[in-house]
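Below, chain A partners chain B and then partners chain C, in two separate complexes.
Let's turn to the complex of A and B:
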């Protein structure tokens, strides 16, 4: 993915520079309090100081580890439960009311309880992130598996596939767009919850840096934390998209090339079109 | 043809209209000025609570809208942002704000109080025993100052203790769950922790280690543009202070109800708080300088920060004017 010097890219660069230029001018103008709205150059200086001391790297490392562990554990559990509930109607009937109730409870509400249950170590923070990640992934997985096109099942049955083969080669690939959409949304949720999770007895972390800086009126450092959080979000989404393209090359490729793409094991990958009914209660895009 | 209107009616109507014009044109006697007060919700802010409850703001010509905040730092932010006219904060967030060049000013001290103790597991018998232990505090507050002085008193370095930043509610649950070995905070959290597991935790008191100053804060700009309102507010607080001294039990009960503290606990703590609307400038400035230097030395303040002129931060003229006005 190279950077091409075309009109839209130039406009993007100029727009960004204009924004930061205006911000710098406003902060230095005396019209606003320079401490409460520090100039981008001040923020850059603070960020550089934090980088030189190694403190920023330590905060970033701690946050990344928590975010990854929370995201992975929440997603794995959510996919497993979503698939199980879609495939086993009795399980769905038994636990769906509970899951819907818990879905309404935000991670922030659990912070004091998380400390009580799991202590002030990493477990409480990972739990909070996993809680936040779980529900968008669960609901998308459930809908994707539940609403897989019956034509695919008949086609698979006519080719002799049943049981686990039907599940592995038809149901899961058909649900994949929904699952990927849920995972993508949960990526940003993980970072949002990270800040709340680092309220729970953290000594390092980007969320901790933001809160600590706010406590002592270091708004410049707060902005450093916010920018790092933004960069983390952007990078996570970029890497996620690249990973999806690599692992599932047929996903989205049909939209790009206009041709059907051969999927795994040489079989034609099912074309998944967005069904408005499948959007009900779910979040995110479809292929 | 209608009979002419009687002269008396014409005069009455004219008089009525003149009176109405006079009422509209003349400022009302004791016209109230609108203010927004940012208030904390702990027992140290009792004079504000009493002023609210007894409508003392109104009696001194203020139409007050009270907004509560869980910390002095948030009160300061609301004042700097223009949402609040004045409010409550201890000296520590004011010191940190001043270190960062923010134009916050202290008008008066409403009470002083040795507010913090260390609550710890009973195996921590003396403050020296906290070496290697996990001690919670709330960062950026005067609890951090207390902990720093406690370590100093115990002859310990900061690296010899695992200091953990927690919110007060989490300190109690953390101690009860065994995630921490102790915490530095005030009532009612101290009593809550001790009551949560009888015999497991106790208070370690170090008298004279740190005294909190509960102050009335505003900005320099507000002093310049709304001086009469601030003087009226200080008069209301002096009246509240008089009530506290004259009726301590009633004042304690009023405060406990407002901040949702157990009334028995409030009565127990009340005598420990030195209520007095006053301003010992030098003592306060010396404390702020000490805290400011600690912030610079410990890296809490930006590298290269110099101590601000705390003489300019603590403004005494308005309190003197308020007292003079009351004595007239």
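Let's turn to the complex of A and C:
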């Protein structure tokens, strides 16, 4: 096992080195224009100098702030509305057609409208990110609350649960695996919308860095922007995963232990980590 | 157990824990009406350990769900401690067949759940839960999450959880059906032990004849179409009961015939 793992690691490192080596060689060979395809070493250099001047930090800071504010506000609203709609049938009946309608429109299509309404400042970007984040989280929260194991609710009721305690200790945690899956999808959505909004007009931000670099023919800096975005996406996912493991040690564990448990336990679907894509695909039925 | 506090209003002592008169339930699915329970009358005394036995479709789980307050009966009168049932209540503890422990809470927090819902102080809750985990034989399992426990351990925690609010009635819906034979029989012994110590009134639903004969003071045998009581037997076999004894096997054959099995396995 260890040997195989090592071998595949070695293969991965070799593959990566070969890729960047070939790229470096190609850029320096004169076969392609080095301005159009700068060598990895050139990109690393310009990245380093952007870092030293503090310019990169400024762009990154601006992007992160927007992403965080948009993500938090969008998810909080989505969870609140998802829970409310699952609990109050009349509210669901009243709002569901609207939400489904808005959900069908790709959130990137709202970029021009948001800029028209809110200008190119922070408001439009935070709004757009929140808008994009809202739908995956809302769908999952709604399904999570609606489809959580009825046995939990019976057990809770027979133990005297009602009101806010029932909500805080049963309804919300029972839906949590679904909510977490929705939040996870929304992380990448937030990044996509962030970049689109910044490309469309901004004074700072990683997307703006890419856009500006294009206008001054600094392809090397465009690559730096791409790399920063990649690192942002990877770190966000990594930190999210770590936080979930720490805060909810039971999350996902049920699935792993499910292998050795025979019988009804395995069918306790809500405790199994949900595949977000399936969730999204299934929403048509709830409409 | 001295730390335990009464959550549920104490029952009037002269009222039987369960009294059903002509109780019936009809499930109305789209394709037609099915009488799950037809005119059942039954009175259970305080502290009795009653097993309800019957094949699937005999209405035993429907009866339990009505008593738990999960479903309202179609007709008839049912009283618990002399009062009508208005939904689930911590006065009636329920242990389910499936593992119904909250996966997001530790074993300790699961046992504390009923007391927490009643707004009890943390120290008091912890004390009660510790006592109960000891009672079910899991004094070390408090910090564990359900996914870290075996099936049998989960059901022990579920029993402890149901006992925490000191329900006057414990309703058990085939709680050991998903367990392997060895775990099942050790939990049966544990349950008999708990009943002897705490004297709750227990209504235990099962489709396993031997299990019913090992556990019950009184055996209610039900039959389907519509669900009704066909036998009501007091089981006086001395405890601990031996499955190999002649009396046990004679009773087994009798019950097997009553539920329509021609020959005992």
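Keep in mind that, in the parts below, the second predicted complex is superposed on the first by the 236 of 287 C-alpha atoms of A that agree within 3 Å, B and C clash if a C-alpha of one lies under 4 Å from a C-alpha of the other, contacts with A are read in each partner's own complex, and residues count from 1 in each chain.
Operating definition for what follows: a contact is a pair of C-beta atoms (placed from the backbone, for glycine too) under 8 Å apart; a residue touches a chain by one contact, two chains touch by 3 or more.
Bear in mind the structure is a predicted one, so any value in this text is a computation, not a measurement.
Residue contacts after overlaying the shared chain place A:36 against chain B, while chain C stays out of touching range. In the superposition on chain A, A:250 makes contact with chain C only, not with chain B.
In the superposition on chain A, no contact is made by A:81 with either chain B or chain C.
With both structures placed on the common chain, the touch criterion links A:133 to neither chain B nor chain C. By the touch criterion stated above, A:158 is placed in contact with chain C alone, chain B being left untouched.
Shared-chain residue A:166: touches chain C; no touch with chain B. The interface of chain A with chain B does not overlap its interface with chain C at any residue. By the touch criterion stated above, chain B contacts chain A in their complex at residues 73, 80-81, 93, 96-97, 99-102, 134, 136, 139-141, 164-167, 169-170, 173-174, 176-180, 295, 300-303. Those residues of chain A lying in contact with chain C across their complex are 151-152, 154-162, 165-166, 169-170, 173-174, 176, 248-250, 253-254, 256-257, 261-265, 268, 271. Residue ranges of chain C in contact with chain A, taken from their complex: 7, 68-70, 87-90, 92-94, 96-100, 102-105, 113-114, 116-119, 145-148, 151, 161-162, 164-165, 178. By the touch criterion given at the top, residues 33-36, 46, 49, 111-113, 115-117, 119-121, 199-203, 208, 211-212, 214-218, 220 of chain A touch chain B in their complex.
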